[in-house]
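Paired with chain B in one complex and with chain C in the other, chain A is shared by the two complexes that follow.
Moving on, here comes the complex of A and B:
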């Protein structure tokens, strides 16, 4: 049974509770990557996770289905799906959850489908795995129906086709069809449109928007535009920590963490004053073994104070539904 | 796997059809040999007759019909290569899959074992083992099989390593597909091409090994095989004689070559037909 945490609303589907993970280096030391993540995905809502490459977004996603590589170890906390702690599940129980209750789609549609199995076979296999009550004929018609749903034309014919006969955008649609085949409670999309060109991106986004509401969505991306389009809530991550957590409106219009402000400022705009250079945050995300002390963002922060170098700021609640991890707001100044 | 598209892709490959026909003929001849020719034994009356209508491939130094010897030899070849391939498949493919997929300690152990087996001087070892366990045709086949699996395991392992890294395997795991299914369906079907080609190579080389062993006198003297025919021709000096009874050593040699070529053609055609991209 889930321990009572107070802040968990009853409609939370997935809850990360103080979850930390790190990786084992060659000497057997654990180097922290994800530090005390606490957030939840609400039923029927979409949560966006943004951050630069290497900030731990994908590992967060993979943690939710426990598909971390062997070097990665959980350091503490819990991940709840409904009332069940996923970290206490056996591998066999996890296999029932993956694809059944939580599904995931990836960045690379070109390589996410098995090239020698027809797309119909691959969709039917997921159905056979998680909905054994279906007969082979039912599976075939469900597969066709799913392909139609994700916008593949003439699905009766295409169901026999092999992945190489589909374009990248269509393969991503097939991946989405496989992911939603068993009506998962939660869909984790890890950079679902990054590898597609812009017009196809728009189509896939429109599809995801249409499918939204059937279940919850956890969208991992570095593209704030996509977040603005699809998500209600946003989590900004930096170097394995949540730096700001708020609804999408607040993050885009009134971000208060210097990192979020930097991210927003680096979006090229068509309107407004013409700038000579597009703003960019100086430096880059450090590798995990070089995470700085104190606030992990301090070497790149233009408002860095002495305190930031030594002490990690706590996640401070600004108001309901808006938290930030920064000493500027932690009350340490007063 | 879509049966229809595989068959239609295979049919388009002419060389593959030739290979299939050749293999079918060899199998048929080997399996029903006892029905249409008697087992060649004892002595014949017509010694070293050149090819004629009564003896299409001529007769040997004992007056035995060489066509019958080759037909019975085909039987031996199929028997030896089937056992060798089955053994190599049963050991090599699981070993390669496991070491390629799980890596870690079991992977390194299997990999080291493959390396050790690959560095062994195979022919001398086969000779020693064949000499020790005695020259029954089954022993020869088993020994050949036991030394054929490392190359297959290596091919399987390398292909598995490559495929395991691919995202569709991760995607399959994300969709809750069981590890056993991933390993023996998703991965195996992708790497079926190189494995089948390697199997047909083993099919062919095991016949070569058997012929070599028989030629060295380590085969089964009571069983006709193509190598035994060549050995007898060699012992009788037929290969350097003038005038040369070419039919004695030429026909078994050609049989070996045809057998190897047909299996290779078949293997390559299966490999091509298994690749969905080459079907369009």
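Moving on, here comes the complex of A and C:
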């Protein structure tokens, strides 16, 4: 494919290189969803992907383990794990990677575990797949150890239990135990706490924080608070495009894209002047088949210019580690 | 689990009791007087009265019901109006034939239906699935007498390959020749019953498999790096089987007496044929016995189905509630 070999910095674990994907509609047309995503997850660091529902963040996560549903098709680009392009791997090779080198935690702990299999079996299964040298007894003791690690009390007993005997938060802990079972290079967490109560969210976040640093993390969420808590770098996505990419400090304190600014402004705050109304970005995320021309955010943008309606802004580098996709900064104005 | 079984059992017994009561009452509500069916109306009123006394029909209805229940417990279902044999004997003569037909049909339906249904689900909307769908619709909507007569005409009359009726060629032979003879006789009724039942099995296993394959936990299993074969076998199959097990249980229950049309057309000496003949002969005790047996089978099958489902699904097993 592209001139990629040796191109990435040595500490990049996962690299999305100009990756595009779309979905097949009933007439066989491909409608673009993800448009030229380029970013990387660095070794031992956490990258947060933030955006509203429908902006393509979950599909980005699923793309990295190539578990897209059949209607979704890759339109171009590459995804590198180390030096290997995942898009060129056979299904068999991908199976060796899934759960082993890249693991994923899903949003819905209530439905992501199989109701008719014990949690012990479901954890041991990962080990059985990727570490065949372990005996069944070794797998069982590893499963118990993993359950203990994610904070489940009396794991020797709970290992025999079925998912419905666990609460939502506990199930998400089980999911995490499954995901870290084989010490993956990269953990993808897709809205890991969204379906949980606030207090439980905090506990699960604390657990993820404790486990952080063993490998890289790609955290997908719509909650900037969680990103602030866990991530070093942030990717803001809107309608399938990266609109702003920077370190967490910059995104939270000095965002420059109108969309990121809107997102930050819509976080309720306890400090400063008391606001009567919480800011919200007008309108909603368009469906993929109605993505607007030009900048996909332009219909909702309060600083929209004529140019924004016709031409998609390029991803412009503001300084090292901070890029933005907006005509205000693309140099088109000068 | 013990509590679950106990509660299911109690529920089943209650259902059986209610159905016994209903069968008992329905017969009493019939306009015809049983005595006038059994005896010559020309007999003197005194003799008729005496007969009523002999049969216990002069007693109040709850006493009659009590006597009926007691007799039931002793296995006494009364006597056939037509043959004067005990009803239980008549039923026991017919039951093996129905069971034979039922089990062959059931085993064939499951052995062929399950793999076909699951394969169709996995190849959803591909050619195989489309063909299967058309065949299922045909098999379910076809009128049993029509297909039966078509089979009889083709295989029995035109080609002369298979016998046209009965369960064996009288007089019955011995040993292997007899088995072969019965097998030849059972081909057409079995195929007729197989059409509808296998279609049901395919429909249920296909649809539940399609639903299960969309579940989040299937994606989780793939995310662990397992292949399609393993995920289907370990994660999808057990979940997809639950509705199929339930419908199979119901199927067995209804097949015990349900093959009335098929058994009648092929002159198969089973319970279905017996029901048909008894209706024609107004043989109430036999009908009553057959209905009773039928309801007990249905309840027993439901009970067994619940146990099997509980065995597969831990959510039911442990919580005790939810059927």
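As a convention for this text, the second predicted complex is superposed on the first by the 327 of 334 C-alpha atoms of A that agree within 3 Å, B and C clash if a C-alpha of one lies under 4 Å from a C-alpha of the other, contacts with A are read in each partner's own complex, and residues count from 1 in each chain.
By definition in this document, contacts are C-beta pairs under 8 Å (C-beta built on N, C-alpha and C of every residue); 3 or more make two chains touch, one makes a residue touch a chain.
Small disclaimer: the values here were computed from a predicted structure and weren't measured.
K.L.:
When the two structures are laid over each other on chain A, do chain B and chain C clash or fit?
P.N.:
With chain A aligned, chain B runs into chain C, so clash.
K.L.:
Between chain B (first) and chain C (second), which, if any, makes contact with A:55: first, second, both or neither?
P.N.:
neither
K.L.:
Please indicate which partner A:160 is in contact with in the superposed arrangement: first for chain B, second for chain C, both, or neither.
P.N.:
first
K.L.:
What is the contact status of A:326 with respect to chain B (first) and chain C (second): first, second, both, or neither?
P.N.:
Neither chain B nor chain C is touched by A:326.
K.L.:
Report for A:246: first if it touches chain B alone, second if chain C alone, otherwise both or neither.
P.N.:
neither
K.L.:
Does chain B (first) or chain C (second) touch A:150, or do both, or does neither?
P.N.:
A:150: touches no partner chain.
K.L.:
Name the contact category of A:177: first (chain B only), second (chain C only), both, or neither.
P.N.:
In the superposition, A:177 contacts neither chain B nor chain C.
K.L.:
With chain A superposed, which of the segments 9-17, 27-35 or 45-53 in chain B collides sterically with chain C?
P.N.:
So the stretch of chain B colliding with chain C after superposition is 9-17.
K.L.:
Return the residues of chain A at which the contacts from chain B and from chain C coincide.
P.N.:
65, 67, 95-100, 103-104, 106, 108, 111-118, 125-126, 129-130, 162, 164-165, 175, 178
K.L.:
Applying the document's contact rule, which stretches of chain B touch chain A when the two form their complex?
P.N.:
Those in contact with chain A are residues 1-2, 5, 104, 166-168, 170-178, 186, 189-190, 192, 274-277, 280.
K.L.:
What residues on chain A touch chain B, complex-wise?
P.N.:
So the residues of chain A in touch with chain B come to 65, 67, 70, 94-100, 103-106, 108, 111-118, 121, 125-126, 129-130, 160, 162, 164-165, 175, 178-179.
K.L.:
Where on chain A does chain C make contact in their complex?
P.N.:
Within the complex, chain A contacts chain C at residues 65, 67, 91-92, 95-100, 103-104, 106, 108, 111-118, 122, 125-126, 129-130, 162, 164-165, 175, 178.
K.L.:
Spell out the residues on chain C that touch chain A in their complex, using ranges where they run on.
P.N.:
For this pair, the touching residues of chain C are 215-217, 219-227, 234-235, 238-239, 312-315, 318-319.
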